[in-house]
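Letters A, B, C and D mark the chains as written, and numbering starts fresh at 1 in each.
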Amino acid sequence: MGDSGNEYRLLMPLIPALLIVPVLAIAGVESVDAAFLIVLAPFIAFPVILISGQLYNGKPTWKETLKEGGVIGLSSLLVSLSTAVWILVDYLRGAREISEDAGGRVAASWIDWISFDVLHSDYTMSSERIIGVGVWVDSVTLMLLFVATFLCFLICWFSLGYMNTDPINEDRNHRFYAEFVLFAMGMFGMVLADNFLWLFIFWEIMGLCSYLLIGFYFWKESAAYAAKKAFLTTRVGDVFLMVGLLILYDIYGSLEFSVIFADPSINGTVDSDKLFWALLMLFIGAVGKSAQFPLHVWLPDAMEGPTPVSALIHAATMVNAGLYLVARMVPFVDVGHHGVPGLDELGLIVAYIGGITAFMAASIAFVQNDIKKVLAYSTMSQLAYIFTGLGVSLWFYNNGKTDAATLVFGGSMFHLFNHAMAKGMLFMASGSVIHEVHHAHDHLHEGGDHDHHDFDPQDMRNMGGLASKMPITSAAMMIGSMSIIGIPLIGGFWSKEAIVAKTWKASLDYEPLMFGPAILVLLTAGMTGFYMSRMWFMTFAGEPKHEVVEHVHESTPWIKEPLVILSIISALGGFGLSVFGIVKWLAKPYSYDLGINKDSFLDQVVYELEHAFLPDDPNLRIVGWTTIFLSLVIGPIFAARVHGGSLREGQTSGPLVSWLVWLSGKFGSQDVTEMSQSSLSEALQNRLYFDHYYELALSKTVLPFATLAAWFDRTVIDGIIKKVESNSVLGSVQIRRVTTGRASDYILMVAVGALSIFALAWGVSG
Amino acid sequence: MTSELDGIDLQLLLPELVMTLGLAAIIIIPNLGDAKFRIPLTSLRVPVLIGGTRFPATRDPRLPNWMTLATLSAALAASTMALLDPPSSGQVGNALEVDQFSSLLTNLFICVLILCTVSATQRLPSDPDAPAPSEGDDEESESSKTAALYDNRRQADFHILLLTLGLGMSLMAKSTHLFMLFVCLELASLSSYVLVGFHKESKEGGEAGTKYFIVGSVASAIGIYGMSLLYLWSGDLSVSGLSQSWQSMESLDPIAAAGVGMMLVAFGFKVGAAPFHLAIPDAYSGTSSMVAGVLATASKAMGFVALFRLLLTIAMPASGPAFWYGTLAVISVITMTWGNLAALSSDNPKRVFAYSSVAHAGYMLAAVSAIGSGIAEPAAQELIVMAVIFHLCVLVLFKMGPFMVLSSIEREGSSHRVSGLNGLASRDPLVAASMFVFMLSLAGVPPFSGFLSKLLMINGIVTVSAGTGGASTILSWATSVNPVFWLAVAVVLNSALSMFYYLRMGMVMFFEPNEDGESSPCNPVVRALIVSMAILSLAFGIGPPSEWLLGLAEDAAAALLS
Amino acid sequence: MILSILSLLPIAVGLLLMALPHILPEGLSSQVSAITRNICMGVALALLAISTWAAATSLSDIDWMNIDFGGYELENTPFEIIPQIGVSWHVGADALSLPMIWLTALVVPLSMLVEWDAKKGHYFHPLLLVMEGAMIGVFVALDLFVFYVFWEMTLIPMFFLILVWGGEDRRYAAMKFFIYTFTASVVMLIGILVMYFNTGSSISDRSFDMIAMLDSGGQMSEGLRHLVWFLLLIGFATKMPSVPVHTWLPDAHVQAPTAGSMILAGVMLKMGAYGFLRVAVTAFPASTVVFTPLLVFLGMASLAYGAWVCMGQSNLKRMVAYSSVSHMGLIFLGIATMQPLGIAGALFMMFAHGIISPLLFAVAGAFKHHYHTLEIGSMRGIAHHSPWLAGHMMLGWMASLGLPMMAGFVAEVAVLIAFWMTFGWLVLLPALTLVITAVYYLTSMQRTIFESNDPHQGNLPDTLHHEPRDITWHENAGMTILGALTILFGILPFFFWDMMSYWSTEVMVQLLADAMQSEGVRP
Amino acid sequence: MIDPSWIAALGVILFGIGLLGTFFHKNGIVVLMCIELMLNAANLNFVAAATHYGDVSGWVFTAIAIAIAAAEVAIGLAILLSLYSTQGTISLDAARELSN
């Protein structure tokens, strides 16, 4: 990619895509009415890319100019992005169409999908019911929509550099881009859907794409296996989700948000037990999709997919679907606004699942050496944070503590935003590392590739000291890690603080049972500090651990640009958006009376800082500072003791990065060999044996049972038929024996027959 | 009631008359030669035509065949005329009556014989002047010469027997007097015994003839004895007289019942009811296929005519169940099951068809026994008789058809194994397709006529019985329904069972061919006939032709029951 | 008139074309296959056009939404063919049969396309045409005798398709297929005859006309009604097929040629469900209500048990065949819900499965055709060699496991919603079966098109001695059309959904609701 | 004049002997003779009935039945002869070429 400058001419097709929104706006189309474009553009791009790729593979235009479909995908995603931004801007402006009448929502219906009647228990028929398709826009939607469209676009951009330069992907990239845009369509659709059914439909489409993309390297046994595992595990959740939908439908006679959310208690007549089960089923679906305990096993394996896929689907967007679904449960429990009381166990369950997953994932991340796996567990852990936050929020809502609930809800959503940005970027950065290490390795072993297959470019034990080779990547990764760890003032800090604090508040002030999640998230904060630092140190600090490192250098601009953009957002976005009141804005659909902004900008800044570092409640102050201490000091220092180290003499990197690397060498080094051989470590390395036991359960129950069923079908059910047949033949042979061939026997039979006629006649008539 | 035959009677009996004349002609003409009789004391030689060296025309082995064909065609025309334009009074003496029923049956018999005759053309040798075997021939050439000779010299005998068979059957259909009926039956039977044993040079021929003859004779002896008991009982053997005596009978007279029962044995043998059917497979497999076809269709129809006369006209009480209905029901179930089961594992196609014809007899007997149940209204009775007559008619198509196919293959000497049919589909797709149609029709698969006829019979049974049960659960309904209903179930299950061997027969044609040639085994006329029979099997199954034939059968049924 | 043409024309043309080789002059006999298949395709496409037009007239002159239950469109004047027993040629269509007619007219040309270069094509394609006519005949017949005739007639071409163009064990399979379904339908025939008996008090009053037949239930005692319903169930359930009378299906499918399998799964199985709704449910609503638990049991057994058996299969086609059994279970479940939504879902399931399963069998057939084996696991990484095939497999498999935005999902979700309304938590069983379904589908894909451990080529079966190619253009075209329709009807189901929904409502309002009320079954 | 019922009784006995004879004897000729016995039993019945009812047709039946019996014997002997010429036996049990 030497003359990569010229590559930008490839972006020409983006210009018409960019023009679509202005043209529509000038033509007077309302932004919400154009929302279908967000879904439609990638949906059209999908077959176009797939089929043209299949037809034109190998042709120079297709390969060089269209980047095997990447440019087409990028254009369609740009259409989605620009439309999404258009709607967002309209929404923020408070345009006429998006009024705030319904608490800041807007719904537009597109088509009636299916319609039918229902027979009631008094044998009367209800009038026609309709399940339609439409859009539902509120601030949560918009935030997720922006995250999704923005990251899809950036990661597609990144992929142009990442995928198209790998010779193994040649003539296969069209598949990648096609599935990529199909995924984008699923994600956009899910976010925009105005009812639970279509949410579910797009949800499943995402699952399909996740399956396809994990299995992109389909010839690899591990990839094919991981793809299947991901699909099946989420499918288990999805089935429960579907059952939840059935129950919801039964309760409300509709699945549309506008119908259900208008009065989720139907004047207090809703049976809270039934609703609890419905929501619990939905939550199981969310657990599957967001890889929470106990359906988390698929996510680490999903890293078999290409890195952009991990970045987009398994870190930034799809896994957020579960969170989104749980966020949509708020109106059900919001007792202040027609919610159904008595559902606070649901909040507890959500919070516990979140807490357990956060802790578990963080601890497993301690011992992972694969850079993507660390990030995967980190994703799990951070999502679990958000779940905890949402659980607490649900609990608050259900107990009428609307203010606190609103704050933690907004905080959770905000964490979702921060995490998506940071994690997307981290994955891309790790992708950059892997890509370059891989290329360097190829370069090094150009002639013979004897140990080609033994070398794992994702293994951090082959890295070290990369900070000097990859300054931009290392800086980006640093910022991303800081955001995840929650280093004060940077990205994730703002949202994580809110979650931890409110969880403790719930635990201390109201519900002792909340202590569990509370302590777990607190501990996890420190652990996050450790494993993220460990990853960074292992990769970028210290002496190179493999000869390959010497040959690594950053090359492709397609990769660098998204990193830079996201670094900026991660670093500044948290604080900046906090200041503009994003937390309350995000909670807008579910908070009906909170003011949005303080009087002046400066007041707002002060308020936010005060709120973060010096809250009124002394307990929260302690909790807040403990969190900061654990994540900022304890975790990173331990990490530095184990894995830190200065760069080789004479090599430098960016300013902050160099200092950090130098700092890491100052804490001395600690040998953890003994620790890493303990049984706990062993267990952690084996992912606490979850996969093992799931596998065992499958192979000991499902498969034998299936074999048994097949045997039963063959031998018993079909066997009966065959038995009838063979017995008929047997009977046939027997009965033919009577035809002896002796004429006198025949005569005898005639006589016998004559006699039996008499006997029968006598018997019947007598 | 006149005791003399007049012109009208002759016209009524025109088919039989034609056959008689033809019979005489076939006896005489092939023997015509250049023999001359020297008038004694002179040297004048007067040609007497009988004997001597035969003329080329008269010694042509194809001649009897042509003559038979001509005779039968003329008879068919006469009989069709009678059928389409029924005489106002068909009484001939007090023993015969020509009505719709007997005309239809006569037509049926003659059609079967025509088919048989046409099929027999395939047995004619290509060389009419084949030499007779002489001393010193080796075994092989001797047997080939014998075979040629066999075909050459005995055509006339064969066709004479066919015509006597036809004569017996058609007269029997017209008989309204039990003794007349029996005599005609004997005429037909005796001819058929000889036909079965016609291939006297082969081991099978003699044996088949012997068995068929012995068992048949015993059965008819029992029948005649039964008839004599009936005579003993009423002193009159005319059907109407017996019927009146029966209706006026206070309670069942054991002698009368015994008489009917014993006649049932004789007729049961004719139709092939178990357990009197045992000789039938042997007979079919030992004789030539076309004769077997005649036995399976015409002869069976004859048996049913006799059964109708005996059971429906004579032995029907004025009300209530007939004494024979339970017996017949049991026999019918045994017959169909036995037939189907035995056919299942047979490997000889002729035996398979023999058993299949036994099974079909069972279906028809089941229908007949439903009439005797005493719960059938007159309309329902007529419906069932119509169904059975219709079945007998269409049976000619799809039972005679396969025998004609087999007859074609028989020339190649491979008709005794199912595998003889292998590859027929590639040799002659049309004949194979027709054969398949016959199989499906036999099995009762729509849209072929076998389905319609079987459906009509089952429908008859259901019609008689379905209204009888009444209860609120399946079980109580099943116990309260008239047992006749279960006959329908038996027929249906047996149809399913029969599918096995029909399909097997149908399937082997699509297997890889044996070594036998590539060309069609049939000659063009036979082939055309087979194909048109298949088409008719379809046409009589659904659509206007079936309506027409059903109309005829309906009239016939009405005539029989009136 | 239109419907008569739809059913009789293909039969007539097919039969004539089969005689063509015997009629054509010598010079043309080498091209007989080409001539025949072009004519066949032309006729089939014409039928598709006609039936599409008939369906599309719902937009203009015929309002399919407003046919009262028991009313039919495109009806002809009944024409007596066997007056002695009251049989007449009477055809018509309603919202129940119209989608099926269209489906038949669609699947047949596609199956012809997929096997465009079949051996002995001059018999093959006409047979498919005959098959089409017979199947359409089943759907249009408004005379139960004619219905039954067509019903059985479909067996004959299929028998030959299996027997002549089938796999190694085709003889056994053809026999089993024929005898099994024949047996079941003759049992059904008794039921039909009992109904016929009750259509009038004297023989001349009786008639096989559908309307008279469907009213006959009123004349029967309750026990007899149940019995007849049960007899009909045997016939229809075997055709569907439902556990435990399903074992003919895997054998028939595995041995049948691709086109045969496509038609068998796509349309023939639907005849069972169609007949059940058309005859058994309509004539005996009370029995249907009373035996709802039986239907639930049969449906559940087919669905769950079928799925388990699928998982134990190692033959691709066998697995797909069992998956049909499994999916057909949903139809019984849908009917058993006694909700318009459930019945409409069952109807849509018939339609959706009618599009999806031909795709599955086309894919399986392509494996057999190009790789000469159907053993799962005997080949790996086929996506390297046959990307189109792999793509179609992916699409078909995903559609069949109920992925949203594909036709099957609409039906599934409708049935499940209705099922919950009626049976509550029992819904977990069908719902969890969806996971099982996913397991076997994904596993079979993993072991055929994926996993070769070589980035450039797959592990081919040992028996394959040449370099495999991707599927031919005609296979590809057929599969693509099916796949596109699957997605089309998944996203926009309302073309047929609306009329199905309306029909279901009407049948509920006019029959089942009353029956439930009188039997004391609460919805 | 003998009471016709005695004649009929004789007929029953004859018939019984004939019937038993047909399946106890293996020799074709003997079986043929037994069949003749049965036919004659029928004839006796006809005669008895004719006597009883004074119906002349009974005598006619008898005469014709005798003719039938004669024809039957003729054919039977011919068939047995052909059996003998091909299989060398007239034992009904020995001829079993045609059993399954």
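Note that contacts are C-beta pairs under 8 Å (C-beta built on N, C-alpha and C of every residue); 3 or more make two chains touch, one makes a residue touch a chain.
All values derive from a computational prediction rather than experimental measurement.
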With chain centres set to the mean of the C-alpha atoms, which chain is at the far end from subunit C?
D
Identify the chain pair with more contacting C-beta pairs: A-B or A-C.
A-C
If I average the C-alpha coordinates per chain and also across every protein chain shown, which chain's average lies closest to the global one?
C
Just give me the whole-number Å value for how far the CA centre of subunit A lies from that of subunit B.
80
Between subunit A and subunit C, what distance separates the C-alpha centroids? Give it in angstrom.
38
Centroid from C-alpha atoms only, then distance subunit A to subunit D, rounded to Å. What do you get?
98
Cα-centroid distance, subunit B relative to subunit C, in whole angstrom:
43
Among the residues of subunit B, which are close enough to touch at least two other chains?
210-211, 214, 218, 222, 282, 346, 500
Two or more other chains touching the same residue: where does that happen in subunit A?
736, 739, 741, 743, 745, 747, 751
Two or more other chains are touched by the subunit D residues 19, 22, 31, 92, 95-100
Any two chains that touch count here, so list every such pair.
A-B, A-C, A-D, B-C, B-D
Give every residue of subunit A touching subunit B within the complex, in rising order.
725, 728-729, 731-733, 735-736, 738-739, 741, 743, 745-747, 749-754, 757-758, 760-761, 763-765
Hey, which residues of subunit A end up touching subunit C in the complex?
50, 54, 111-121, 123, 125, 168, 197, 200-202, 204-205, 208, 211-212, 215, 217-221, 223-225, 227-228, 231-232, 235-236, 239-240, 242-243, 245-247, 249-250, 702-703, 705-713, 717-718, 721
Touching subunit C in the complex, subunit B uses residues 379-380, 383, 386, 429-430, 433, 440, 443-447, 451-452, 455-456, 458-459, 462-463, 466-467, 469-478, 488-489, 492-493, 495-496, 499-500, 503-504, 507, 510-511, 542-544, 546-547, 550-551, 554
Residue ranges of subunit A touching subunit D (in the complex, touch as defined)
736-737, 739-745, 747-748, 751
State the interface residues of subunit D toward subunit A in the complex, per the touch definition above.
19, 22-26, 31, 92-93, 95-100
